[in-house]
Every structure is written in C-alpha cells, then in structure tokens.
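Shared between the two complexes below is chain A, which has chain B as its partner in the first and chain C in the second.
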Partner chain A sequence: MVKKLFKHEFYAYLRTMLPMHIILLGIALLGRFVQLFENDSTAYSIVFVSSVIVFIVGAIVCTVLTLVFGIRRFHTNLFSCEGYLSFTLPVTPTQHIWVKNIVAVIAQLVSLVTIALATCVITLGDVCNEIFKAFFYITKSMYAEIGFNTTLFTLEFIVFVVLAIATSYMLFYACIALGQRAKKNRIGAAIGVFFIYYFVMQILSTIGIIILAVFEQQLRLPELFSYLEKHPVTAVHLVFGVSAVVYVIGFTIFYLVTRSSIKNKLNLE
Partner chain B sequence: MKKLFKPTILVVLIIMMLSTLTGCKELDSMRKVHAVWTEKGVYDSFTLNGVEYKKVLADNLPYVYQMSEEQIFVTEPDVPVLLAASNGITFSKSRDGNFICGYLYDDPTIEYALNHAFSASEYINSGTNYVLYCKADIYEDVLEIINNGIEYNNYAYLYYDYEDGMSTASYYYLTDEENEAINKIIKEAKPTDDFDMDDNYSNLYISTVSEDHYFTDSVEYEILFSNDDSKYVFTYYSAVEEEWLSYQVPEDMTDTFDKITEKERASLKATGIF
Partner chain C sequence: MSEILRCENLTKKYTNTTALNKINLTLESGKIVGLLGPNGSGKTTLIKLINGLLTPTEGKIFVNGKTPGVETKCEVAYLPDNSYLNSWMTVKQIIDFFKDFYEDFREDVAYTMLNRLSITPDVKLKTLSKGNKEKVCLILVMSRNAKLYVLDEPIAGVDPAARDYVISTIINNYNPEATVLISTHLISDIEEVLDEAIFIQNGDILLQKSIDDIREENGKSVDELFREVFRW
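The block that comes next holds the complex of A and B.
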C-alpha cells in the first residue's frame, strides 16, 4: 500500500510540476534565443535584461511553488475532507508522514535539477562550456589541494541540502498538525504556530549568542576559532556536521510533534 | 497538441544549434584580458591574444608613461577564462599595448595560493617586485634603450578630445622646439616669487618622458596659464632645493608656450571651462 501511496503522490506532483518545469525550460530557451541577436543597442539590453529577470523570477517561482505544493498536499490529503479517505487506507500515520516528506524532498531536488538544466539552456554554447570548464577546474584544484576531502565536502553538502529541505517540510507539517487542533480557522492557527515557533527561535538564538559572548573564555571559544582558522578543512567539516546534527534534531522534534498530533489529536471536523 | 510537438522540437533544436555557433560579447571581452604563461610555472613570458610578451630582465626598470586603466590577468594555461580574474596575476597594460607591468610576488606561486581559501593565511606578508613585460618583437630594442641609460629630456601631457559628449584621452608630445624651451627654463631661468598672472588662469601638468616616449621618471612640471592672455608661469618641485620653484616664462617664449598649451586650451574650451 505504501508503494501505491508513493505512486499516487508522484503522479500528483508530476501533474503540477511538469508543466511548470517545461515553462521554465521554455523561458530559458527564449532567453537564449534573445541572445542570438546580441548587439550594443539599448533595445537589446532592455530585452536581454528582461529575459534574465523573467528567468530568475521563474526559477524562484519554481522552487517556491514546489514548497507550497508540498505543504498544500500534506494539508489537503490529511486534514481536509480527503483526510477521511486517507486515514481509512491501510497505512499508518508514520507512513503517511514519511511518504509525503520523501516525495516532497525529491520534488524539490528535481526542481533544483530543472533550474540547473534551465541555466545550462539559457547559457547554451560558449558560456555554458566555460561554466563547466570553471566547475571542473575548481573541482580539480580542490582535489589537488585537499584530496579526498573534496568528495567528503560534496557528500556532506548533498546531505546538508536534503536534510535542510526535509526539515523545512517537517516544520510546516508540524505547524499544520498543531494548527488543525484549533476549532476554527485552522490554517490561520497553523500560520500562528509557525510565527510563534519563529519568535521563540529568535529569542533562543539571541540568548545563545549572549551566553556565548559572556562565557567566551570559559567555553574556550578563542582557542576553538584559532584552531579552525589554522585548519579550514576541519572547519568546513565541522560546519556541515553541526548543521546536520541540528537539522536531524529539528527534524526529529517536528516529526514527533506531527505524528503525535495525527495519532492522538486528529481533528477532521 | 500532437501537431505542435514536432514543430516545437524543431524550433528547440534550431535554437540549440544556433546557440552553439554564436559567441558571447562579454566572454570575448574577458578573453581579451586573459593572458597565459608560455610555460607552466615559469614567469618569463606570456601570451595575450596571440601576442607574446617577454619579461624585461634589467636593473632599474623604468616606469611606462602611457599606462591605461585596462587590467589583464595572467594565469596558468589550464585556467578557464571565467576564473582568470580570481586565479590570475593582475597587471596593467600600456595604452599602445607595447608594455604590461605590475607587481609580482617574489615567488609568483604565492599569488595563486592567495586565491585559494585553504592556504591563503600562510603567505600574507610576502614581498613583491615591480616587473615589466614588453612585446617580444620590440624586446631587444627596449633592452638596449634601458641598458644605454634613459634620458628624460622630453615632455608630454594627457588631454581629452570631446566629441558628441564623449571624451577620448590622447597624449601630446612636445616638439623638439617646445622641449628645448622647457629645458631652457629649467636650466637657465631664475626662480621668482613675484610673477605676473591673471586671476583667471588654468594649469597643466607635463611629465618627463624618454625620447622614444615609452618611459617616464614620474617627474611632473606645472604650467599656469592665463585663460584670456599669453601669460605663463612654470613651476615644479625641486628635489635639490627641496622647495617649489616658479619661473615667469619670458615674452619671447610665449608663442612656444601657446603651442604647448593649445591642446589643453581646446580641451578646456570644449568642456566650457573658459
């Protein structure tokens, strides 16, 4: 049943995302077409800059819409009228959450790949060729300088991106799951929960910064920074590592909140 | 929908094919300032737009007079053009393109290292040297000029031509007669504090240059000239006397000074200053 759930989730994304991705690629192709008429005139500059702006806006819209669509699907499938049907399926709430999250993360990654592909299209030819040359040169130089750490950085970066996306979705899921407990205006309540979370995080991070500043010597932060300055490779590993741990903790908390709400406090009225 | 599929694919393919055949002006302009060392790890010569430049190996390297604001970036041969500015050594180019000069680290690999975040901090305090490169075809001539000792008895100044609101920088090299007049004043005239000049005057800086106009010793002289009359005061900082010296240009030289300042006067008139 989980397989079917995945299948239908992917189909749903495909129906919405495919036209959006085709439009973005079309915008990129149109942008490249404009560049075929490159000249020094003001008219060309206006058209060229406009085409680039449209492309950038298109790429942002593509990312944001994917996020919005993922959140909307979670809300509609589980907490609207569709919820009655979804929860009659022989699937546990845990499986529902995981399926939604995994497909949403994949969809967001596909969006990023499409944006990269569209960037290749809009720069097709000489520029694209040079971008790739620069990319491979940087990779080669990094390998020459820091060896296997380059591979580790790449893997850590991919993990970091995946965790960041997954945690962002899970945060929204938790907000929706908590918001649906309200008797009226549940979407508004979910937004309220999000802003309360944001506000609390701001306060906590400010307190954290104050603590670090006050207990700088006791926590031996100058020594740590001095060490990291001398060992930049370790510093990058540390940044990725700490970020990953923070995201995993965040993800776990949001997941538990979401699951607990669905399991114990499901409100489909 | 199906009917549109084939034409769409055709259009896409045509655009993609045309894209591979056309260049990019911005990229071309980046290529124009991207030079590569002839041999990897050797900093004696490089090639810029197919022209070879050789490092002038001489003591007391002179300064090039006609320096432009154009910067070039010299990299190892395998560095792509998009990374030339960040991974290259930055030099300046002369306006006539004959010379390229700048400062090179004692060990040029340091400059490359500075571009790499992972090893930058180790090299911050390393010293640099002034270096001069010239086109390979004039290398022998330049070396001969430098080895024979350069005399800076000629003068020149930079002025601007204005046309349709656009300005073009040009150099005016003083003629033999004009050079002689300047040298005569420096050698023979007596400095004075009591000179005759109108309230409405402008000034012009002239630089000493070598006879071939390639080099300068960076000494500048100032000519104050009346905007409405042929009155001239010649002034400069004497390194020997350690003070500013001023000379009233004698009347028999005013015609020569009229010629010297002609371009600058025209330039000032074009800008509406007088």
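The block that comes next holds the complex of A and C.
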C-alpha cells in the first residue's frame, strides 16, 4: 500500500511541478540566448537585466510554490473533502504522514537541483567556469590550511538540508493537524498555532541565551569557544551535529503531534 | 447470517454536544438497512465511526468483528454525503486509483455502469455536472465487492429520476451477501428496497425493526411511522 501511496503522491506533484521546472529551465535558456547578442547598447542592457530578474524571480517562485504545494497537498488531501477518500483507504495515518513528508522533501530537493541546473544554464560559459573554479579553489585551500574535508562537509550539509526541510514540513503538518481541532476557521486556527509556536520558541531561546550568559563560567563556555576558535573544522562538525539533533527532536515532536491529532481527534468538516 | 456491525455503548461527544449516546446496535449480513432520522440526529457521526473517521468517546464498535482500521477499510465501501474526489483527476485515473487501493474493486463493473451513463473515461471530474459527479462517486462505491456498504444520504439533493438511478444502481450492484446501510430522511423513495429500519434521534436509537414488522405491528408504512415519531 505504501508503494501505491508513493506512486499517487509523486504523480500529484509531477503534474504541477514538472511544468514549473520546465518553465524555469526555459527562462534560463532564454537568458543564456540573450547573452549571445552581447553589446554595449542600452537595449541589450535592458533585455539582459530583465532576463536575469525574471530568472531570479522564477527561481524564488519555484522554491516558494514547492513549499506551498507541499503544505496545501497535506491539508487538501487529508483535511478537506478529499480526506473522506484518503482516510477510508486501507492505509494507516502513519503511512499517510510519512509518504507526504518524504515526497515533499524530495520535491523540494528536486526544486533546488533544478534551480542549480538553471543557474548553470544561464551562466554557461565563462561565468559558470569561474564559479566552479572559485568553488574548487576555496575548498582546496581550506583543506590545505585547516584540513577541511569537502566530501564529509558536503555529506553533512546534505543531511542538514534534508532534516531542515523535513522538520519544516512536519511543523506545518502539526499546525494544520492542531488547527483542524477548531470548530470554525480551521486554516486560521492553523496559522494561529504556527505563530504561537514561533512566539513560544522566541521566548524559550531568549531564556536559553540568558541562562547560558549567566552560567557561562560554570558551563565552561569561554574554554569551549576558545577551543573551537583554534579548531574551526570541529566547530563546523559541532554546528551540523547539534543542528541535526535539534531537528530530529523537533521532527519527532511535530510528527507525534500530527499523528496523535489524526489518529484520535480527526473530525472532517 | 453473520454479524457485520456491532456497537456496544457507543458514545461520541463533541465539545458541548453528545452526538451518540451509549447506543447498542447489531447489523447482520445480507440486508439493506435504512438509517433514518432527522438532521442532526447522529446518522453521519455513526457512519464516520464505522469508517474510522472519528474515534468513539466511549464504548466500542466492531466491523466484521474488528475495530475500525486498515482491515475494516478493505471491507467497507463508503459513500460520503459530499463530493470527495480529486477534481483534477479524469474518470479513468480515479478508477485506477480505486483499483490500486481496493482489491475488491471490479473495474469491468465500473466501466459498464459509466458506459450506460455515456460518461467517457477521459473526461475530467471537474468538467462533470454535479449530478454526474455524484453518480460517478456512487459507481465507484458500488463497483466494490465489499462486505458492508455505507451510503450517507445518497439520494439527497438529486431529482426524482436520478433517485431512481441511484436506487437501481445500489440494488443491481451490491454484493448480495453484504449489508447496505443507507442513511436518509427521504424514506418514501427507498422504503420499498429496505429490509430493516433504524430510527435515530438525538444520538439515541429509537427503533430497530424489520420493515415487515413495522408494517404489521403499526399498520403503517415506514414513512408514515417516521413522520409520526419525528413530528415537530
């Protein structure tokens, strides 16, 4: 059943996302085509700047729409009228949540890859070569000077991005699932839950910073910072490691809230 | 006949309302049962509980001996009282969807019924009229070889000719060993096809009897008895 859920979920994304990605690549190709006519005229400058602006806006729209589609898909497919079909399929709420989250993360990653690919297309030639050269030069120098392992860093970065995207979606799912417990204006309630969460998190982080500042000697923070200053590679690993743990904890909490709401408090309109 | 549905002290409370109040109910296989009651009597709540769309506040519910879950969803075919299909899908895509998820789905039966209505498989659901959309929903549900069909207000809001179509589709396509539970308040239209009636009001079961017993004991049709019981 999970395979079938994946199949239909991917199809739902594909029919919306594929045209968007094709359009973005088309814009990039058109932008590159414009550059073939490079000259000093004002007309060229206007067309060139316009093509770059359209490309940047297209890339932003691609990312934002993928995020919005992922959130909307979760809400529409599970909590609107479509929920009557989704929740009467022989599938558990756990399977619904996981499939929706995994496909949303993959769609977001595909969007990022498309944007990177489109950037390569629009900068194809000297600019693209220079970007790659600069990237390899920086990573090579960092390895030579402080023993920075690019492969490990890249892997850590990918894990970080995947966890960040998955946790963000799960946060939205939890807000939607809690919002649907309201009697009226459930979307409004979900937005309310989201803002309350951020407000509470801001207060908690401020309290956390105050505690760290007050007890910095007892917690031996100056020693830690001085050690990390001397060992920047360790600092990077530590940042990724701590972030990963925080994301996993957040993901687990949001997942449990979502699952519990669907399992025990489902009430379709 | 085996038991397909059992409710034991089943209670569902919302914040300030008790939608179902400790109801006890048993349905046997092979019958067409009318779940009859005025608006707000608890019909849809009971149907949602059967389908696992709500969890009971108290008491238990068993579908074919199991609490609602993945297994019972394979055995229950449910028609909600609103349009619940992805409107961007074509009729063929939604049939493939049902075929993928329900092993008991009879594709040939679905296409035969669609053909009779002259609905082409490539047409998108959003381009269909409200009436045809409802008929497609009914066709999908009745194309399953389920053990329990739960139909929530299948004839509400449709013209008399369409009502006849809905009723004949139900009668001609359901699995004879299965039970069909039809919720409605338009009793005169379905009375002829019912084997049993359940009267529900304010979350309480007022009556559960066979249609023959109702007629014999009260000397009235189910419709007449309903009007008497639920008179304002």
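Note that the second predicted complex is superposed on the first by the 256 of 269 C-alpha atoms of A that agree within 3 Å, B and C clash if a C-alpha of one lies under 4 Å from a C-alpha of the other, contacts with A are read in each partner's own complex, and residues count from 1 in each chain.
One rule holds in what follows: a contact is a pair of C-beta atoms (placed from the backbone, for glycine too) under 8 Å apart; a residue touches a chain by one contact, two chains touch by 3 or more.
Treat the numbers as computed from the prediction; the structure is a model and nothing was measured.
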| item | value |
| --- | --- |
| Which superposed partner A:K7 touches (first chain B, second chain C, both, neither) | second |
| Touched partner set for A:L256, first chain B, second chain C, both or neither | neither |
| Touching partner for A:E82 - first (chain B), second (chain C), both, neither | second |
| Touched partner set for A:K183, first chain B, second chain C, both or neither | second |
| Which of chain B and chain C A:I210 touches, first, second, both or neither | neither |
| First (chain B), second (chain C), both or neither touched by A:I60 | neither |
| Which of chain B and chain C A:P90 touches, first, second, both or neither | second |
| Chain B-touching residues of chain A, taken from the complex the two chains share | 29, 32-33, 35-36, 38, 124-127, 130-131, 133-134, 137-138, 141, 145-146, 229-230, 232-233 |
| Chain A-touching residues of chain B, taken from the complex the two chains share | 12, 15-16, 18-25, 27, 78-83, 116-119, 121 |
| Complex contacts: residues of chain A adjacent to chain C | 1, 4, 7-8, 12, 15, 81-85, 87-92, 183, 263-268 |
| Chain C to chain A touching residues, read off their complex | 14-15, 48, 51-55, 69-71, 73-74, 76, 78, 80, 82-86, 88, 97, 100-102 |
